[in-house]
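Per-chain residue numbering starts at 1, and chain names A, B, C and D are given in the order in which the chains are listed.
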Amino acid sequence: MNFASDNAYAAHPAVMAALERANSGAMMGYGADPVTAEAEAAIRDLVDAPEAVVRFVATGTAANALVCAQLSPPFGRIYCHDDAHIETSECAAPEFFSHGAKLVTLPGTGGKLLPEVLAEAIRVGAGGGLNGGRNAMVSITNATEWGTVHTPAEVADLAAVAKEAGLPLHMDGARFSNAVASLGCSAADLTWRAGVDALCLGGTKNGAMAAEAVVFFDAGRAEAFDYRRKQSGHVFSKSRFLAAQMLALATDGLWLKLADAANAKARALAEAVEAGGGHLLQPVQSNAVFAAIPAETHARARAAGAVYYLWPDKSAEGMNPVPLRLVCAWDTPDDHVEALAAILRG
Amino acid sequence: MNFASDNAYAAHPAVMAALERANSGAMMGYGADPVTAEAEAAIRDLVDAPEAVVRFVATGTAANALVCAQLSPPFGRIYCHDDAHIETSECAAPEFFSHGAKLVTLPGTGGKLLPEVLAEAIRVGAGGGLNGGRNAMVSITNATEWGTVHTPAEVADLAAVAKEAGLPLHMDGARFSNAVASLGCSAADLTWRAGVDALCLGGTKNGAMAAEAVVFFDAGRAEAFDYRRKQSGHVFSKSRFLAAQMLALATDGLWLKLADAANAKARALAEAVEAGGGHLLQPVQSNAVFAAIPAETHARARAAGAVYYLWPDKSAEGMNPVPLRLVCAWDTPDDHVEALAAILRG
Amino acid sequence: MNFASDNAYAAHPAVMAALERANSGAMMGYGADPVTAEAEAAIRDLVDAPEAVVRFVATGTAANALVCAQLSPPFGRIYCHDDAHIETSECAAPEFFSHGAKLVTLPGTGGKLLPEVLAEAIRVGAGGGLNGGRNAMVSITNATEWGTVHTPAEVADLAAVAKEAGLPLHMDGARFSNAVASLGCSAADLTWRAGVDALCLGGTKNGAMAAEAVVFFDAGRAEAFDYRRKQSGHVFSKSRFLAAQMLALATDGLWLKLADAANAKARALAEAVEAGGGHLLQPVQSNAVFAAIPAETHARARAAGAVYYLWPDKSAEGMNPVPLRLVCAWDTPDDHVEALAAILRG
Amino acid sequence: MNFASDNAYAAHPAVMAALERANSGAMMGYGADPVTAEAEAAIRDLVDAPEAVVRFVATGTAANALVCAQLSPPFGRIYCHDDAHIETSECAAPEFFSHGAKLVTLPGTGGKLLPEVLAEAIRVGAGGGLNGGRNAMVSITNATEWGTVHTPAEVADLAAVAKEAGLPLHMDGARFSNAVASLGCSAADLTWRAGVDALCLGGTKNGAMAAEAVVFFDAGRAEAFDYRRKQSGHVFSKSRFLAAQMLALATDGLWLKLADAANAKARALAEAVEAGGGHLLQPVQSNAVFAAIPAETHARARAAGAVYYLWPDKSAEGMNPVPLRLVCAWDTPDDHVEALAAILRG
């Protein structure tokens, strides 16, 4: 009963099948193969952006940090939420790749930046002269680290603030599929139509082995990106095996079907939490549940073998109620979900 | 009437004289000259640490960032105050020099870290696994950015927290002289005896042209430091001219006399603020006054030609009372101090 | 008929099967899974080094550059051959990861450093003071970029020079399997027993999709390596899928069988070159053939659809004889090898 | 009798006087002072480039490395001579500041690149795809590390090669004054009129304490340069003291008078070398003499207290003749020059 993370789960059979199909004979390396070309086209279709530049890497940290280095100079200020993955969970990769850019973290509810807070921070940054570095970019996450989603309108509001200051907007979409599935909007509506300049579109948590797409909606922003990817060791010689994974997810809407499945499991758990006297710490809008549950319920869940993280960390052990995070994947077994839900309901 | 910064002021005649004395004939470069040797010895005496390694650089940003790179790996977490100079005013130099280290900023009153807040942050950092990077060091500032000073006991309390976690303690002492002069303690009491591992001892704001000393109390921590200094362009070929400045300040207690003078001027302004219906935002313990004064007083000060910064930035213009910062140097003219004090008193 | 590179070829069925086996249900991420543990143990067995630290990454550039950053400070001098992959083909990744280390490249026959040349360069580097940076490490490649192999004795000779200077020895083993298969020695004989401190053991060119092992024979040298891997985006959340590939290669000697097959194909081509009036530019000791062939033969090979690189680059087009490189993989079709051999024989 | 380096010598009295003049009262920091403005204008006049952007730093390594970081991305290829100072003597500062750029070093006589060798290297670099990084810039030194000078025509020839490839041309002018004095041309003729894009104009070796000017002839190339300077700790708060030094040198042609004096001393030594049976290793065109002298003469010079470096390093001790380098400064005492000359003449 693993609810620790969606990256604890498997690759979808269609991904495996795509890898098998790609695994035939010789193809030129480093991206000059037909699978890569087809997958890049498929992602462009997915976001309805025929002119976009699409590149694949194997990890979300690589995707995000490469975009930060692409959009920020070493002396840049990157605005993001206090709890952004690039701040909390990537071992300072953005700083490393960019050679020093500073993440300026801001508070905001539910993992989402507030436009007025962002605007004020940008104003202060602009006035800081050389001391604070130069405003460089804004980064948001969708779905957020707190399992909530930005609507297209919310993205547009933040994009408007960024654009007003001449800054590009990056979306960390490690769980972009969950956001789109939750909102029922199009990928285009949630990205470039709302003002996003660069998207990291996650595959790994969506049913791939290890694959993410970096999408620059304005090709000009991708200038020299391939060099950065190469210099950081993120260009695969057998590129087809990265590409095949993303191609499988992008085919026949698989990415959304898998996200839908994961989201539904999370909703089921959320309902159980509330039915059982716990309460939700955040609205459950994607595949993660942040909840506080009675200590007794927690004890029974652990006893039943449920694996999950206390939140924000294990120092929550001993609290009552106990704050925790439950994450569902496309393939979290239904009987596990039902078993945990039963416990949560009390 | 310049109260904008102590670095707006001049070099002391004794510094100029020392430069003239050093300017005689040929000496081997890159530190292999007698002036450098003498100045390093003088600083070791000043901090009463015969085994310390002392090196000179020209700017405070260089001094601090080099120490950060020396004590933190690229994936290190550097704990400091929200308002630390290394965070707010060095254009992400610590991140640049260290190749990515993350400044973990913490709240605290009067520019000073609180031991319990620091301890908790270190605990969280230690528990973060690879995600958050590895705990690397603690940095404090003395005198602080808010003009207050850490006492030896306060330094020792923070050092104890750092040591408990195995972390070295850095002191940004751009205004170290002001702190020592204010406290009346010894430099040793305020540094290595209280647990400081590396000190950046500022000369520029204390009456030098451009000179700072980096002091590693444990020579082992200075391993390869000279390479870092060289690679970042901070080794002077004519090293004697850096050294002579620090030597002059260290001679006959000049550094403390100058700091005393600057501190006294600030106290005079502080008294005037309070006499005139303003209030101090922080205790005035060194050479800076953070105060909120009546808008009318502010208007008269400006009209009289007083130059100073509103605080934290110019958006304070129009407030009443007006928050501002007044900084005094050893050579801020007494009649300027008196003139501004008269205005402040109303 | 692709002879451009061994990375143009496929993954072995046993690798695919291992991926399928690993693709079952939930496992904790970031390396805390049983497949990773098993694969690390398998590589330790392969090199007969029970105390070694083994980590997996997806690309050879990442493996090499991470080792360089691990063993060299930013101001380090890394000694390698003029034609080393880290110098010619990794887009300055070692410089990027290490934050500035300088590759000091040296001439040597057949892609191999000469001990006396290395020793002299190290001597010069040691005498350069701060100017040239500090001697940090030696890197060799086995099999080399020129298709030759270092014997254990040759490795030991170079290791002795490095050890004399206190420098660690890195072996770029992107084609380590080909070298071991060619020599008939043990992996241990060719590495730690001969003085190698860190090995990058290539899987990708040996029949994996994208997998390399980094092996530190002295665990002390791996200190904090996981942070570097994480900060550069090279830790897979679903680590099992990297590990499974290396596990498959390490099982039942598959890695050597595949290397043997590739080497044999190269030998067949080499014989054909010589039979057809071409000559070998280097002894063919692994899976690559560097040869100069009659222009007419080249023309016929191209007409028949053979794909390969002229060497060192396409400016060789028009020469007679034509210098070129032919690389074989474990799965280069035998009929392709025979067809090209027939052309080469004239 | 110090002939080790021109940076072993003093600052000119006019420089000291300028520092004294600048040392009066309060001025705003970080370059917002009248001395800095006046000095920048003086340097623009010196190079007859009213639109140029001029900035001051304290060391030649900082000047060169900052320009490299400004003109090259982390994945850039920087073409320079095998013996360029940026390659041999700056502890990999260009790699550090640029975050990984690769110095592609090329042979050439007398410290000067050969246009055809440069063109071929650029061609190879352009053809290397991602592997070798992207062509970024060309760097030359004038006067060279071998004491020779590039004429305006030679600079123009190299600039033409660079321009043909779309690459900017940097001139390391640590001894630019010596070159201009030697050639009798204008600074403009030797720089922007010949195609130089960025000049590091050295003051330290020309009679300053520690001051260099960075000049971007096209202001567009200086975009954000101030941030780089700040982030690397090279912005002085008391900027006036850097500026005053350069202002003094630029006033009344002092820079050329001092360079003339140094050059003349070197010529005197060169004549003595040849008269005494030694031979010149390079034409003596600036203030350095590279010569091989009889071992006996060397022994007598050492006995007389002459300090100089054997070349390329001390391993030359014991050779006969002995290769060495003699460098003269504006203030190398005439009686020292005469004394050494007498010995050299035998």
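Heads up, the rule we're going with is that contacts are C-beta pairs under 8 Å (C-beta built on N, C-alpha and C of every residue); 3 or more make two chains touch, one makes a residue touch a chain.
Bear in mind that the values here come from a model prediction, so they are computed numbers and not experimental data.
K.L.:
What is the chain whose Cα centroid lies farthest from the Cα centroid of chain D?
P.N.:
The most remote chain is A.
K.L.:
Determine which of the two chain pairs, A-C or C-D, is joined by the larger number of C-beta pairs in contact.
P.N.:
A-C
K.L.:
Can you compute the centre-to-centre distance for chain A and chain D, using the mean CA position of each chain? Integer Å is fine.
P.N.:
Distance between chain centres: 50 Å.
K.L.:
Based only on mean CA positions, could you tell me how far chain A sits from chain C in angstrom?
P.N.:
For chain A versus chain C, the centre distance works out to 34 Å.
K.L.:
Can you work out the whole-Å distance between the CA centroids of chain C and chain D?
P.N.:
Comparing mean C-alpha positions, chain D is 41 Å from chain C.
K.L.:
Give the residues of chain C touching no fewer than two other chains, as numbers and ranges.
P.N.:
Correct list: 74-75, 90-93, 96, 99-100, 130-131, 133, 227, 230-231, 235.
K.L.:
Classify the inter-chain contact topology: is it line, ring, star, complete, or other?
P.N.:
Contact map by chain: complete.
K.L.:
Within their complex, state which residues of chain D touch chain A.
P.N.:
Contact set of chain D toward chain A: 30, 73-75, 99-100, 129-131, 133-134, 224, 226-228, 230-231, 235.
K.L.:
Chain C touches which residues of chain D in the complex?
P.N.:
Listed in rising order, the residues of chain D that touch chain C are 74-75, 88-93, 95-96, 99-103, 123-124, 127-128, 130-133, 313-315.
K.L.:
In the complex, go through chain D and note every residue touching chain B.
P.N.:
2, 4-5, 7-11, 16, 19-20, 23-29, 57-63, 65-66, 90-93, 96-97, 204-205, 209-210, 227, 230-238, 241-242, 307, 329, 331-333
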